[in-house]
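I have placed the structure first, in the form of structure tokens, so that the comments after it can refer back to it.
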Amino acid sequence: PESNGASGNTDDGPKKYAFVFKNTGNPYGEKMQEGFESAVKELGGEVILRSPDQPTAEGQIQIIEQLITQKVDVIAVAGNDPDALEPALKKARDQGIKVLSVDSAVNADSRDIHVNQANPERIGRVQIEAVSEMIGGEGQIAVLSATSQATNQNEWIEWMKKELEKEEYKNIELVKVAYGDDLRDKSVSETEALLKSYPDLKAIIAPTTVGIAAAGKVLTDKGLEGEVALTGLGLPSEMATYIESGVSPWMYLWNPIDVGKAAAYTAYELGEGNISGELEEKVDLRDLGEVEVVEDGEGAQIMLGDPFKFDKENIDEWKDVY
Amino acid sequence: MLNEFVLELEGITKAFPGVKALDNMQFQLKKGEIHALMGENGAGKSTFIKIITGVHEPTEGDMYLFGEKISFKNPNDAEKMGIAAIYQHVTSYPDLSVTENIFMNHEIRHPTWKTLNWREMHKQARELLCELGSSIDPKAQMNTLSVAQQQIIEIAKAISTKAKIIIMDEPTAALTARESEELYRITEKLRDEGTSIIFISHRFEDMYRLASRVTVLRDSKNIGTWNVDEISNDKLIVAMVGREINQIFPDKKMSAGDTVLEVKSLSNLGDFEDISFSVKSGEILGMTGLVGAGRTEVCQAIFGITRFEKGEILLDGSPVKSRSPQEAMQNGIGYLAEDRLEQGLVVNWSIEKNITLANLSELSSYTWLHRAKEKEQAKTFGEKVQIKATSIFDTVHSLSGGNQQKVAVAKLLTKDLKVILLDEPTKGVDIGAKAAIYEIVRQLAEAGYAVLFVSSEMPEILGMSDRILVMKEGRIAAEFVNRGVTQEMILEAAMGEEPVQKKSG
Amino acid sequence: MEIKVAHTENPKKNMLTLFYQFRELGLLFFIILLCIGVQMRNPSFLTGENILDLATNTSILVILSLGMMIVLITRGIDLSIGAVIALSGMLTAQLVAANPSINPLLCLLFGTIIGSVCGIVIGLLIARVGLLPIIATLALMNIFRGLTFLVSDGEWVSSYQMSKGFVALAGGSFLGINHLIWVAVFFCLVFFYFLNYTRTGRQIYAVGSNPQSAAVSGIKQSRILLLVYTIMGGLSGLCGVLWVSKFASAQGDTASGYELTVIAACILGGVSIAGGSGKLGGVLLGAILLGILNNALPLLNVSPFWQNGIQGFIILLAVIVNSIVKRRVDRTHSLRRAG
Amino acid sequence: MEQEKQTYQPRTLETQLPFSWKRLFFQWEWMLLLILVAVLLFGSYVSPYFLNYPSLRDGTMVFLDKAIIVFPMAMIMIMRDIDISVGSTVALSSVVMASLYTTAGLPMEVAIVACLVTGAVCGLINGLLIVKFKELSAVIVTLGTMILYRGIAYIILEDQAAGGFPEWFGFFGWGYVFGIPFLLIVFAALAIVFGILMHQTTFGRKVFAIGNNPTASRFSGVRVDRIKVIVFMLAGLLAAITAIFLTSRMGSTRPNIATMYELDIIAMAALGGVSTAGGKGRILGVVIAVFIIGYLQYGLGLINMPSQLFLIIVGALLILSVAIPKLGSMIKRK
């Protein structure tokens, strides 16, 4: 293994793996932390799970400072802001701490590697494919996103737009991208506004948990099941009702537990010095298979598989899981 | 005999932290009488009233209503027993309607539903007001009314409780002579209907006009009760003040110099109009009038606190315009506020900090405060006015009213002033301290200040002033050179409708 | 020999007074203008469906504004209501998840009780210990929010865990009108009655208008304060249940920052922060104005980034205009007093 | 007459107080110091990483940025007002600075000046509104501007991030001078400046006077309105300084930074003994309170305490710190 840097951790105890999620009280994050924790335990490391109470970069910076002081070996972070964590994470890396981002990337300078929950291109394209299938390849569609600063969502929406350029979707028109800010009441208002402003709307894509659940509720309340289709990315627990009722024929998500596990394995490999975040390295994700490090803008990342499809058939077994 | 006294008080004592506001007070009220209660400021009159109405609980003593011993835990108890009060400071709800002010806490309610019966309340309010000879709209909001009108509402409120005992604490203080006359009529009417009334006033004429008996309070004690037609003015004053009055005024040494302050037809619509006077260096110009005559407003306008619309203020012959107290003081004008606690002093500060507050810039270089200089100045001026305290670090709160006033005066002295406006400097001050303040004021004049001395108390105006201005309803009604002026002359000027009418009527 | 009642009829002054007393009319006028403007841009605004949606979405705001109004009338403020909503919503949702068969009305009661307990704590701190409302509720906002995260352990309660009956609390409708609207109307009527036709209601105004007078009239101020914060807490608790039922999901950060919206509705509606005054009609209109803004801004395609700015601007504008009008009216009064 | 004369005997006033242990030790600051020591002991007990110089030193960088605003906030609270718009002011000044640098391409130095000006103007607007519209309380005005300022920040940056500042800009938030964090030095300097301002200058004296009795202050020639405006401007200015440090620490900025800062700041001031009813408070107490809350949070962070527990602890601390003196006097009254 390569040197751990100047202040490297020479104590012999188990290595410390820290996971910093965006904020507390988010079941998606809780599940990811769960996966991370179980995998690290299995590998014999020590786990630290932290998140600020508000989804802010300031909160994460504080936590990262505290983790540096505790001399952790690896920090995995789901960034609230791709750039704002850079100084803090750089400081960590200067002290020999390995840094990876999970779920929401931080910029290439502040990390060794990014664990992407799924291929963003596939996430974007797959939702257009789904919507096209639901509405028979014709009609108006709209997107209900989180906040317009959400980098993940924006990337996916870009891919959706690219996918829509294909000849087969020429009859599908994306009329609006609305932002519900991941607030229930705002998402509801935005959905209602979409329905009223575009009476011929055929489908809504909501690539965010709060948004898709709020849209599902509105469509249910308005009895638009079968008239306006709903798909996107959402937690099975939140969406179970609407998938079972058919308001959303199906939707996608990856398994956050697996994402957490993948982050843990990657962190382990980084911490042990088995990988360093160079392109084309192979990362052993144990039961999740082996993946290759690929390019991501200026940085490196590994990608998990396609998002998983949840429909009437399988939602029942997943709704209690996450 | 049992029923001769409606209300009897036996040895009532009320102690506030640090003050004994009432000391072993005896009092008897007959049915259907108007009983005047007199005494100096702070003698304990208002406290006495608040004991009777259950706002305060007495520390000691017993109270009997119609021969039965009672004790009130809160004002509701007193109200239920038929006691109502009109407090000295108007206690209205400015945001609520007239009707509500009248019926607050004894609203008329629907017998079964217990809902408020607005229609009935409005009706009764209108009737009550009509009875009082007023046409105020019961639905009007209280803060749209004048002070006099609010006073009428307070009376209506007391009557509406169908009280057998009504207490009026200086109800005429804010009323004009004509309005007072109306109040007399109402009060007499109530008395004729069998209500007993306790009437507190500083005005002798109120007492002579209305009351059959008078009780005098001094230093928290009952000095005695007399039948009004058996007591003379002088005797009453001795009872109230405890000594003959002219003893306490310092000798006048007329040494007036040049005119320092000249006020030319100062007007502010609604407050005062066409005020012109001048004060010379070394002179004490007394200014009197009834409460609400606008003296405070004139002083505050000169001092830059309030604006005036027309007129001019000349200092040493050249016009000055002070837009703030700060500028006024720079110009050489100082003002001793009427409301010592609210406007004059920072009561939970030390004597030192209070004395230096107006003069901080001179005790500092580049805003850095020199502590040693500050202490020195506080000591110098504190001793100059003879503040009774152990150190300059005593909090003003712990001082007696008179000594508090001395602190306020000391604060003025720190500034380089030419004119000092003293607004009721002896209000709420005990007699010893009063004498001390008179002495200070006289010394100020001798030191060359031009002094405007505002007071409602005739004796001190007569005893202190070189000249006397009398204000009435925002105007200067008369000016006297203080030689052979009598109380009657001043009162006539301050109160009379039109002097001519008065003579003929 | 009549006391001169200086009620001189000066039409101009009286117009101003009238305007001040019925400032609600101005607000109503503003709302109508706004509606016309929005309607011209997007014709689907004034449709029955949208109006019902708007009313449904504004109901919770209306209910909370009623509570906040009485708090403000007593010269207080309550910043903790968002946190109380979250706490009661979360606990109720957990109750429902654990006992799906529980009667939905019992849930309402449960949430209301939780909220009332929170309110009593606040009330005691303010009325008995004498803390400033802003400090006490700020601190308790932190505490309640923290408690919510603790009891939920970061998890949400999702719609599939909620019984049909529970979701129907806020989702169902009666006579084609959503339950929430009925609840809001019910509370408006109750408050109208309470504030105008009960003694306690008027005492709330009295305490806020002049605490010293209230004391000499024998009104127990601390009792009124306690009552007011308890009502506010109870309403917040109730709204927590309704909120969770409406969105069929309970989260730890539910209604975060909502207190400011509620306060803004009250201030827009002419409730004075200095206490003593505030009318139900005004508050209703204030809440409706905010509801319309929330509904119309998406319909108008207003950039989401402008929404905050527009809201802040409208609030400041409204309070400043209000204060200028009040000043002019007061000046008229002082002149009249002298005249 | 004889009796009267007695009161005219020359009377002297002491200018020196006799030494008193009670006065020396009966101070809120001692209590705070005790709490701080307890926090430090607690920290070193629960975490081996806590009690050493680098840790305590770097720990300060975590909380001192917002703590800068606590000084003017203390002054505002002493004057019986409150400013809940400071978080938004931080965001707006930061956004103005960043967008001037990135989109307008101005030099960073100019952008920093613009940031300070923006903060001061925000404070000035608050102050002027409060002074000109006395009927509105500071709560209302700053509630409105809180929404408005952040709204303007959103309008400017539209939820984008702006960053890419020059290298040297990072020094503010991360740099050391002689091994001491620059932020800590600035905080200490501000503490001294404000300590002097509040307790040694005429300005501070007047602030206290206003807090104790605004009318009497005005009648004594204190320019109450002007001082209020200046203090609110100071709050805006220091919010802008916070913005510089915060932006430097993050390397980029967004309109949603510094949300809810006002809360933490008010809590620090209240714990520091600033009486919320006005008129009382000392900078020393406030400084100690900043370190209490900061190190408590830091220590709890080092043992990886969930952040929501921290919410509860700060809330409870705030209530206790304002309630204990009240309870004391309540009991005394009984």
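For clarity, chains are labelled A, B, C and D in written order, and residue numbers in each chain start from 1.
Basically, a residue touches a chain if its C-beta (ideal position, glycine included) is under 8 Å from a C-beta of that chain, and two chains touch if they have at least 3 such contacts.
Quick caveat, the model's predicted, so the values are computed rather than measured.
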Minimal step count in the chain contact network, subunit A to subunit B: 2
Most distant chain from subunit A by Cα centroid: B
Length of the line joining the C-alpha centres of subunit B and subunit D, rounded to whole Å: 43
Between subunit A and subunit D, centroid-to-centroid distance (C-alpha), Å: 38
Rounded Å distance, subunit C centre to subunit D centre (Cα mean): 31
Shared interface positions of subunit B, touching two or more other chains: none
Where subunit C touches two or more other chains, by residue: 145-146, 149, 252, 272, 304
Subunit D, residues touching no fewer than two other chains: 158-159, 306, 308, 310-311
Complete list of chain pairs which touch one another: A-C, A-D, B-C, B-D, C-D
Subunit A-facing residues of subunit D, complex: 47, 49, 54-55, 58-59, 61-63, 158-161, 163, 170, 173-174, 246, 248-254, 256-260, 297-298, 301-302, 304, 306-308, 310-311
Residues on subunit C engaged by subunit D in the complex (per definition of touch): 77, 125, 129-132, 134-136, 138-143, 145-147, 149-150, 252, 260, 263-264, 267, 272-274, 303-313, 315-316, 319-320, 323-324, 326-327
Interface residues, subunit C side, partner subunit A - complex: 42, 44-45, 47, 49-50, 53, 57, 145-146, 148-149, 152-156, 158-161, 171, 243, 246-249, 251-254, 294-295, 298-299, 301, 304
List of subunit A residues in touch with subunit C within their complex: 23-27, 29-30, 53, 148, 176, 178-179, 181, 184-186, 188-190, 192-194, 196-197, 199, 213-214, 216-217, 220-221, 235, 237-238, 240-242, 244, 319
In the complex, subunit B residues that touch subunit D: 247-248, 303, 305, 324-326, 328-329, 335, 337, 342-349, 351, 353, 357-358, 360-361, 363-364, 367-369, 375-376, 378-379, 382-383, 386-393, 411, 415, 432, 435-436, 439
